[in-house]
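Look for chain A in each of the two complexes below; its partner is chain B in the first and chain C in the second.
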Partner chain A sequence: MDWGAILDNILRGAFGEQFIYFGLAAIGLNIHFGYTGLLNFGQAVFMAAGAYGLAMMVATWGLSFWIGVFVGVFVFPFILAIILGAPTLRLRADYLAIVTIAAAEIFRLIVRSPTFDEWTGSSDGLTAFADRFYEFSPFDPGQRYLFGLFIGNQMWVVIVGWVVLALGVTISWLLVRSPWGRVVKAVREDEDAARSLGKNAYSYKMQALIIGGMFGAAGGMLRAIGTQSAQPDNFITDVTFFVWVALILGGAGTVIGPILGAGILYAVLNFTDIVLRQAVNADYIPAAIMSGTQVGQVRFMLIGLALVLLAAFRPQGILGSKEEMALDDR
Partner chain B sequence: MSLPRTLFAFVAAVIALLALASPAAAELVGQEDDSSGTEVRGTLRTTSEEGEDVFVEDVTLVVTDEAGTEVGIGVTDSEGNWSVELPGAGTYSVLLDVSTLPEGVPLRNPDNNPLTIEVGEGDSRPTLFPLGEATASTGTTIEAVQLFVDGLKLGLIIAMSAIGLSLIYGTTGLTNFAHGEMVTFGALMAYLFNVTGVFGLSTSLIVAGLLSVIVSAIAGGLFNGLVWAPLRHRGASLIAALIVSIGFSILLRYVMLYQFGGRSRFYSDYQLQEKYDFRWFTLAPKDLFIILFSTAVLIVVGIGLQKTRAGKAMRAVADNRDLAESSGIDVEQVIRWVWIVGGGLAGLGGVLFGLTEALSWEMGFRILLLMFAGVTLGGLGSAYGALVGSVIVGIFIQMSTLVIPSDMKNVGALLTLILILLIRPQGLLGRPERVG
Partner chain C sequence: MTDDAPDTAADTAPDPSVVAATDALVAVPGVDPDKARAALVDVPREPGAPKPDPILVADGVVRRFGGLTAVDVDHVEIQRGVITALIGPNGAGKTTFFNLLTNFDTADSGRRTFDGQPIDEVPAHKIANYGMVRTFQLTKALSKMSVIDNMKLGATQQKGETLWRSLLPFIWKGQEADIEARAEALLDRFNMTHMRDEFAGTLSGGQRKLLEMARALMVEPTMVMLDEPMAGVNPALTQSLLQHVTGLRDQGMTVLFVEHDMDMVQEISDWVIVMAEGAIIAEGPPQSIGENQAVVDAYLGGSHGAPLDLDRKL
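And then the complex of A and B:
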């Protein structure tokens, strides 16, 4: 066992790129589910909207990077939220769940389809749209930084990511302690009561869906920038559930919960990943029980198991309060 | 037993069962070789009538260098992958031997054969030969009629799988996202009995299918008894239960991938069949069987729901749980039977689905969204609604390929799901009540 590599992997999980991408998406989901009570099971499609918003503007239509960022973070998720929310936000909560999960699949099928190859690059996806981002990088791409954890370009993504993440936490903190935040929480607790006080619950839910979607899009866009590619298979429906586990683990309905959850989740996933990988390579685990390819599948099983256990036994996660975020009360 | 213990018991039981059907683990070893050298590679795949990826095996590709000297020959494996190692960087031409392509699978761009490619030192250069859609030979068939019949078949399979989903929703309020995995489970169990064999014994697909339905029904009952009944007993909310079901959906799906591997597989029986010619459409005997058999099963289920005591009790609980309970119906008993019947039907749907296309670990998840579309169209909670809605969705999916590209047909179905919610959220047969 190479303990140095294991420690590196844990730290990279807890503070690195995955933590940033999924932390941002979880902040968005927190606004959806934690504060407004919306069951969005298609956060992956908002992430994809951010990624493809940027990639298509730059790589397909040759527009500037900044227009791409604007379209990816604001325009695409806005349109998407309207499309998803309009038919479902007046209905019972599980309809939104079905429609969002279907939307994630629709989006993936569409961008994968050779029919739109010209615009989306079909299953190969789009590349070469993030050069402008790395032009600003003060780090030498050939060097390693921060105790050798990140190479130059990664370091730049991570630094920018931390700033965006801090911004995201601040914005969500300001939002939820504003009058808007109080109304949204009232809608979560009792929609009829909020309506009887003259609040347009439908409109507030739609606003929450849009804002949370924009956070998800920002996370997805950073992911596309970090990997320098926008690929349909990076945004499969299962991606959504990583975000859900991060949120519920940290504590839905708390400001810090989503990023705490994302950090812990990826530290744990990276830890199991590398330990298993080393064990398989060193033949501590016989190949008949687990092969190299199967190691990658374990993390999905862990995500599923985590969702089951958290929802059944500790719906408030680490930070949440049982009174505010008891799934059991609704 | 307490909930944590029962929950783990259930997961362990499923894993143990699947471990029996585990040809994957041994086969995968050594497959991950190092592909560090300079090479040209690719995957040949086409789309079946159901819109699924089908990998094309045993196709020969010849790679020559600029001087016209043959560098190597690649043959696609069962996953359509091929690769040829190259001596170094340079310009090469790749020729696909068209005569080795299966019948009915043409190259989409015959002009791009041979392909000229540039490869850098150390590159693993992907090379794409897009294949046309695999089509059955068409004589006098009328495309619309053919698609209608294909759609009917798909719709009946969706309906079979979806009745359980709808009944479970109706009786317990749970939107069971793990229902797709129950479909996959049925298909894989049939594969276990049919191809892998238990203790070295394998049977014909008919027996294997029957066994699979029984195992699926038991699994459905266990799923309820070990997970959902204790959760209900604890007073877990529907939203918590919904998230638990999503967790199980992922967990079971990846356990099945782990045990079964990512490859597509086929039953050993009824693979290649001469199609009957019905003048306007053609149909393989197995497809005809699927249509007739599933219609019969659905009629029996319908009569069962309408006439038998148990069926009446199920509908009563779905209609109004409290009223049913106060009139002396043992609600928990009814729910148990709903899970057993629903599990068996989902398993049967999986077996039949596996007959029409390749078996894979995520086949159920893909059909799950179509089930949701069907159930929502028919009206959530109504068994007859699920039936009608699913058949319509199946026919719609197939017929829509008349106007949209076939890789987009599921998109059409899912978009209708959104449209239905906009126009008539209670569905075709659902009760018009305000649900929000």
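And then the complex of A and C:
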């Protein structure tokens, strides 16, 4: 076993790019679900909106990178949230779930469709929109940084990502501790009670959907920048569920929970991946049980098992409060 | 803890300071509860009777669910500054009518005015701004929020409730402190200070009713609508709740409540409106209602001799 490589992988998972992309999306989902009680099963579509917002502005229409960032983080998710929320937020929570899960697939299939190839690049996606981002990089693309964990460009994405994450955590902390946060929590607990006290529940749900969607979009955009491509299949339904796993694992309704969950999720995924791979290569695990090509699937089975155990023994997540969870049974 | 769990001693002991403390907190200006009550003497005891100073007026309010007409109220006026009870047998349409009055449900036809302003088109969440606040039959304590947060939520016109302002605490911190002080004073009045930081979900049924009422007062209403305030309340707490309701009236608020418990109706209401099969069948002071033939028929289904014994629960 190469323990150095294992440690590298764990650290890359816990603090690297995936942690940032999914951490940001989970912060958004936490505002949706953890605080406002919105069942958004399409966080991937907000991530895609961020990625395509930037990519299309720059690669398709040749606008500046900064306009792309603005459109991707603010305009696209705003429009998307209005489209998704307007018909569903007056209804019961499950309708939003249905609509978001469908919308995520509709968006992906539309950008994937050859009909719109000239704008979206169909299944190949769009590339060459992030050059401007890397122009600002103080790191040498040929060098490795931070104990050799990240190469130059990665390092730049990760540094910017950490700053954006810190900003995201700060904003969500400010939001949920404010009177605004009190109202959305009241909406989560009981819309009619909030309404009887003069709060426009519909408007607050819409605001939460928009702002949470913007965090998702920021995560998706960073992902597009990091991989230097916006591709439809980067935003499949699984992506939404990874975000959910991160949120539930860390603890919904806590400020730090979503990023803690994202860090742990990717640390564990990377850890199981490399350990299983090394074990197979070193014949600790005989080929009859598992081959190297099955490692990818097996590690998700392990994550699944871990989630079952979490649900059984710590349903509130790592940071969630047991007392709070217990109130559901009353 | 369930609804029949014993309440703590602090809730059960009637507190003589309760009513006295009320005046200091909020009082509705320009309303003299004694005068308002006295004015009811001359009101004819018939359905739809005009009141000398109505705060809430409903006209031709109809609500149908498919083929069923749940509510069909020709005309009703609620006198300002008194406690009005809305009673009636199960299925009489009381709660539906209540929901229509507070715009939590939409009437098929009819007009309503509150304090002289039409409120037919006003969405439910704006009703509170008019000074009308309601509670619910199934108490809506916000379980996963602390008692004090429940209270603070009730304050209206909060600057920090706007998305962009919420990110700039210095804008709303001052107002928040005022709201907190007001919330604490109300908690004190309702003897709930010791629960300040508990999750509302840990309170007993009766305590939740108290919390809901206290929270409604944070709105600084002129009219309080209580949907079955006594439902599921342990008898030891009933007296304290009754005191609080009369306390509201003595401050000049108008109270309209739906209730099954005739003891409560007899004890605290100044005027009673009886509904049956969606319509108002009788009105009058509580003493007169038991002798009203229409009411007795509605409750007991006609053909019988003795007047209704209001000391028994209906």
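To be clear about the criterion, the second predicted complex is superposed on the first by the 292 of 330 C-alpha atoms of A that agree within 3 Å, B and C clash if a C-alpha of one lies under 4 Å from a C-alpha of the other, contacts with A are read in each partner's own complex, and residues count from 1 in each chain.
The rule is short, and it goes like this: a contact is a pair of C-beta atoms (placed from the backbone, for glycine too) under 8 Å apart; a residue touches a chain by one contact, two chains touch by 3 or more.
Keep in mind that what you see is a predicted model, and the values were worked out from it rather than measured.
Applying the stated contact rule after C-alpha superposition, one finds that A:V183 touches chain C and leaves chain B untouched.
When the two complexes are overlaid on their common chain A, residue A:A97 makes contact with chain B while staying clear of chain C. When the shared chain is aligned, no partner comes close enough to touch A:I285: not chain B, not chain C. By the touch criterion defined above, A:L305 lies against chain B but remains apart from chain C after alignment on the C-alpha atoms of chain A.
Looking at the shared chain after the overlay, A:I110 reaches chain B, while chain C stays out of its contact range.
In the superposition on chain A, contact of A:L63 is made with neither chain B nor chain C. In the superposition on chain A, contact of A:I79 is made with neither chain B nor chain C.
Within the superposed three-chain arrangement, the count of touched residues of chain A is higher for B, of the candidates chain B and chain C.
On chain A, the surface patch touched by chain B in one complex and by chain C in the other comprises residues 327-328, 330.
Chain B contributes residues 3-4, 7, 11, 25-26, 28-29, 31-32, 130, 175, 177, 231, 235-244, 246-255, 257-258, 262, 369, 372-373, 376, 405, 407-408, 410-411, 414-415, 417-419, 421-422, 425, 435-436 to its touches with chain A in the complex. Taken together, the chain C residues at the contact with chain A in this complex read 1, 102, 104, 123-129, 133-136, 140, 142-145, 149, 152-154, 156, 158-163, 165-167, 169, 172, 176, 199, 201-202, 215-216, 218-219. Those residues of chain A that touch chain B in the shared complex are 39, 41, 83-84, 86-95, 97-99, 101-103, 105-106, 109-110, 112-115, 238, 241, 244, 248, 287-294, 297-298, 300-301, 303-313, 315, 327-330.
Contact residues of chain A toward chain C in the complex are 171, 174-175, 178-183, 185-186, 188-190, 192-201, 207, 211, 253, 323-324, 327-328, 330.
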